[in-house]
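So, here come the structures, one by one.
Shared chain: subunit A. Partners: subunit B in the first complex, subunit C in the second.
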Partner chain A sequence: MSTGYRNLNRKRIFVIVLMAIVMILLIFADLFTGSSNMSVKEAIDILLDGPSNESKYHFILWAVRMPMTMTCLGVGASLALAGGQMQTILQNPLASPYTLGISSAAGFGAALSVVTGFPFIPISWINISVSALIFALGTSALIFTLCKRNADTKTMILIGIVVTFLFSALQSLMQYLASQEQLSEIMHWMFGSLSKASSQGAVVCIACFVFIFILSMGSTWQLTCLSAGEERAKSLGIDTERLRRKIYLCSSLLTAVSVSYVGSIGFIGLVAPHLARSYVGDDQRFLLVLSPIMGAIILLAASIVAKIMKPGEIIPVGIITNLVGVSFLLYLLLRKRL
Partner chain B sequence: MKNRSIQRIVASTLAFVMTLGMCACGTTTSEQEYGSESASVEASSSNSVESTEEVLAENEEKSEVTVTDLAGREVTVSLPVENAYLGYYYENFLAVVGPDAFTRVKATSLYDTEGYANTLATIYKENVEGYTDMVDVGSTLQDNFDVEKLIELECDVAIMGQYQYDAIEDKVNLLEEAGIPVVIIDYSTATEETHIASTEILGKVFGVEDRAGEIIENYKAGMANVRDIVSKISETKTTFHEFQSVISTYSEVGVSDFATYLFGRYLSQAGADDIAFPIAETAESGRSTTLDMEYILDKDPEVWFIIGGETANDETDGIVMGYGISEEDLIASAKGMIDSRPGFTNLSAVKNDQIYCVENNTLRTLRDYIIIEYIAKVLYPDEFADLDPEKEFEEYSKKYLPSVPTDGTFIYHLEVADIES
Partner chain C sequence: MRERCNMELKIQDIKVSFGDKKVLKGVNLELSGEGLYAVVGVNGTGKSVLMKSLAGIQAYSGKTILTDGDEACPKKDIAYVPQATNLNSSLTAFEMVLLGKVKQLRLRVPDDVISEVYEVMDRLKIRNLENQKFASLSGGQKQLVIMAQALLSKPKLLLLDEPTSALDLYHQLNLLSLAGQYCKESGAMAIIIMHDLSQAARFCKKIAVLKDGKVFRFGKPKEVLTEQIIRDVFNVDAEIGCSGSGYTTVLPVAITT
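And now, the complex of A and B:
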């Protein structure tokens, strides 16, 4: 191994460790931020005390803030990992977890549930998430089946466009049928928000991420070859179509779980992998680790901004990530033109 | 070179992120930003140093009440309630609990009322004691309901509407775990049963059962009277109704409710045969619909009801009504309405001068039985000749809403000649 390569890898590991520290600091910053008048010192004491209902601030930190912070961590990491994988398998820098229409399908599922109560579970607040998950996973399975014969990038992207249009139309139909209150609920679900965060949801999201992350780490070599080009990967003996289908399944599962839980939080899956790539390049051993960290950092930062923008209210975090994402997308496009 | 510039941008972004994080830590320690909220929190914490005897004496005085709320949940609330959260239904709350009702409300979701009825909110701000002291904790309608703030305020009880419960049922459990009982009421479904049950709950929770009982009797009597007379009428009249709060120009048609929801239910109770009702039988779902212009012309309704309100302004068409609105203002806002809708001049309702306006904020209230009386009187003037809805509105306001001025237009017969261009 050459010294240059060893130094490069050392630098990459250094960046990953640095970003992990930033992420941990932001986790604490997010836990210490909120509309109540709990000071940072109080929050640290309560954190050290562990979960209890001793005082209202114990309850606020452990039962209100902690699930939201853990959700940021799980969802941010999931969307970033899914986005990075999508960009690699579709060989398109503008791909995101939502490119293949999973978000539109989940959106329709949520709207259907708001208007009709589908899937009619007695605990009504679970209905929206379950319905969104059913449609997101169903659509993933449909796309997977359609791509079985031909899993090249163009076919996948075109199928994604068709699916997006189909579910957008169905969602418009639901919005037309909805009452004013229902319409407002659908619109806010589409923004993406952490207000639905719960400890159970956060655990599911983080567990799903960890499982897919470990699974994906087994394919880092193949993915690195694929990111160097389809022909090159094939010449190295990689079954690119099989790899694409496997990674597609992983990323769609991550996306489906995240979207059905917190709504369509945009641009994390697009921006985070690019940020990570600018530090560690296309080597998937490092990219797959840094992308989720970047995703969590962005979502945690957006969550903090959402909490402090208007004291006493929480701005839906999806609005903040969209604002940041649009600027970054514009930067990418301009850079390409230049 | 490119990589370096990207890294610089990334580094600046992260520095920005970190700064925001640090700012965020700073805001939590600042107590001044929250103004009156922090004052109230300090007050509550100072209470904790009361002597043991005082606390014991207070506990002896305290009692409990258990109610079954509109979501079918049994909820126990400690009495007396002096620091409540009230989500919506301000008018009903003021009518049931009395003129000082809002001095017992510590937190609310302002958007739910002010977002749709700003003039009404201004009237309350100027005339209702305690209204301006309420702390806003965000709204489920904007998806920014702040559970953390509500827990910190340590309210005795949270009175929420059914629509709020539907939106944040999981957070309701969290509030109850934090020691804030949540009671669900519902005046939006607009049935006699839900109105009465919600009023009984308010009476019990706020210790005003006599006043609540009186209002319930008043409501029951009004409804029974309409029901008795309508049951004897064999013929029905066709109506068309629309909520103009959702249109931006008169060339659009507003939303019509089906017979099981809000104004549709009022019409049904008053013996009307609305042209939107048959649609419900074939509609996939929903409580309302927007009728096709051609369908309206084909059905040729005999009476046209318009639900107007505050959403209309200089930029947006729609009938203006409500507090502080004169009849002249209302007529001016309706100019050009019929001309904007091709063929409407041929409708029986227009030809026979049968256009009536009702104010949106009076729906969902405990005086909506007067709206039903008004609809019934419009449809069957001979049978309901003894009723005088305008007078009843005034009497109700003076008796149960004495702190709120009565000036305004809430029901109105719009004459075609007045609005012809």
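And now, the complex of A and C:
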């Protein structure tokens, strides 16, 4: 049976497959770009060789570039999935980890850790991440409990703005108190950069994404109902409170893990779900798959641009996503179809 | 075909207030048997609030008991079509209707569900809207889409909040006779908020008149639609008549001075 609905879905699957191919191509492109003069052919050979310490290039590709690329994949997908979920459950197209202030909370957590050593775990990179994680999760929980009493989604976004202001003020305080050395460490964090990427980090991030992706796929139809509005979802018999809590927890966790790992990479969570929605609509069966793909594509592209913009140096990707993101946000606002 | 249901709805002392403002001050109603029931009243008496309470969207004090024979009905047996739906969703009209079957949907939507969706859209004459974004439809079209969603879910209690207010005559009649037909076939009951009293008399077996947060009168159209009651409730002088086919008609003539 060939119907309008089936045809529409076929088109959507086609777009998803196409974007998945683009993503895979970008993964290779990202692996092949960098400041060492490795040719594409050499890089392919080394990829086929598998990880080893045979040559300097082996090391560069497998121990330096691979973790960065995988981090792009994991972080881009996670932020996009989290952003899409937040937009659905808060019914606000401007919701995302960044606009709700969760990213800046994590940024402050990191700065606090750099300056004061909080939470005093002897291994330094874990120490900073744990501090960021604590603040990200704490802020998510705070936003959620604040909004429980006043479930209005506009209020929620305003609270997000307040939270962002609060943490940027606190962040400035930390920067003021920081030594020159600490300052550059904090900066790194604020910009969101892949230079701290590690294979362990990438694995944790991707594993977390996969886990939460599968969990969310279990509620796709309920989420689709919720995207049709609170009232509609309720009258279709969905326990919206429970669904909200569950999905909010999922997206907070995803956000927290990503930002505590690479710092605040803004706007992926806003832009990617929007692009995905414009291709496949609000049926979450498609949206939950395409959003992360778009997120990964954007971050991989940003990473490639960051590497070639200034040869020999890597510009923090966060700066690039922010530039793209701000223009996109402006476009959304001007379009007035929010 | 499943067995026809044997519906009964008892509404006991429903009260709703917003802050200091008491909107519903103890609504009592007992409906039994299939068919359409109308709720009428002036703007702002709380008709919509009552309907939302029944739909489980509005918190209230008091009790509603919905039973099918001896069994209490779960919430999924109630479908609600609101007065207006505003949302940011990019769902298409088809997808919106499809959600009426949400409890039975898995990763792949089965063919028979798709045909059911088309069938109900055909019956409401909205198949041509299938690929349009729900958000881009007109108010009346949105209501028809939600109505299709409601019918698809095969409810035992259908709640329609001013389903005809935004529709042209053709779609008004189509919608009301479809609702009537659905109730007749399945034994379900439908509660419909309307403003057109003649239409209420034409399609509904009983009419509840809401005034000052309470049920002012409840009964057959002939009993409720009297010059006196219409003057008391609406402040309007009306001529009550009887159509050729025996329905009560209400012709509003002037504002009571």
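One rule holds in what follows: the second predicted complex is superposed on the first by the 305 of 338 C-alpha atoms of A that agree within 3 Å, B and C clash if a C-alpha of one lies under 4 Å from a C-alpha of the other, contacts with A are read in each partner's own complex, and residues count from 1 in each chain.
Just so we're on the same page, a residue touches a chain if its C-beta (ideal position, glycine included) is under 8 Å from a C-beta of that chain, and two chains touch if they have at least 3 such contacts.
What you see is a predicted model, and the numbers here were worked out from it, not measured in a lab.
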{"item": "Which superposed partner A:Tyr5 touches (first subunit B, second subunit C, both, neither)", "value": "second"}
{"item": "Contacts of A:Glu181 with subunit B and subunit C, given as first, second, both or neither", "value": "first"}
{"item": "Touching partner for A:Arg65 - first (subunit B), second (subunit C), both, neither", "value": "first"}
{"item": "Which of subunit B and subunit C A:Ser227 touches, first, second, both or neither", "value": "second"}
{"item": "Which of subunit B and subunit C A:Gln91 touches, first, second, both or neither", "value": "second"}
{"item": "Partner chain in contact with A:Leu236 - subunit B first, subunit C second, else both or neither", "value": "second"}
{"item": "First, second, both or neither for A:Leu26, with subunit B first and subunit C second", "value": "first"}
{"item": "Subunit A residues touched - subunit C or subunit B, whichever exceeds", "value": "B"}
{"item": "Where subunit A meets both subunit C and subunit B, residue numbers", "value": "278"}
{"item": "Residues of subunit B touching subunit A in the complex", "value": "2-3, 6-7, 9-10, 13-14, 17-18, 20-25, 27-29, 31, 33-34, 37-38, 41, 135-138, 141-149, 151-152, 154, 163, 166-171, 174, 177-179, 246, 255, 261, 283-288"}
{"item": "Residues of subunit C that touch subunit A when the two form their complex", "value": "55-57, 75-76, 78-80, 82, 85-92, 94-96, 98-100, 102-103, 105, 107, 109, 111, 114-115, 117-118, 130-131, 134, 146, 149, 153"}
{"item": "Residue ranges of subunit A touching subunit C (in the complex, touch as defined)", "value": "1, 3-6, 8, 91-93, 220-222, 224-225, 227-229, 231-232, 234-238, 277-278, 281-283, 285, 338"}
{"item": "In the complex with subunit B, residue positions of subunit A that touch it", "value": "22, 25-26, 29-30, 32-40, 43, 53, 56-57, 59-60, 63-65, 115-116, 123-125, 177-181, 184-185, 188, 191, 193, 195-196, 198, 275, 278-279, 297, 301, 304-305, 307-308, 310-316, 331, 335"}
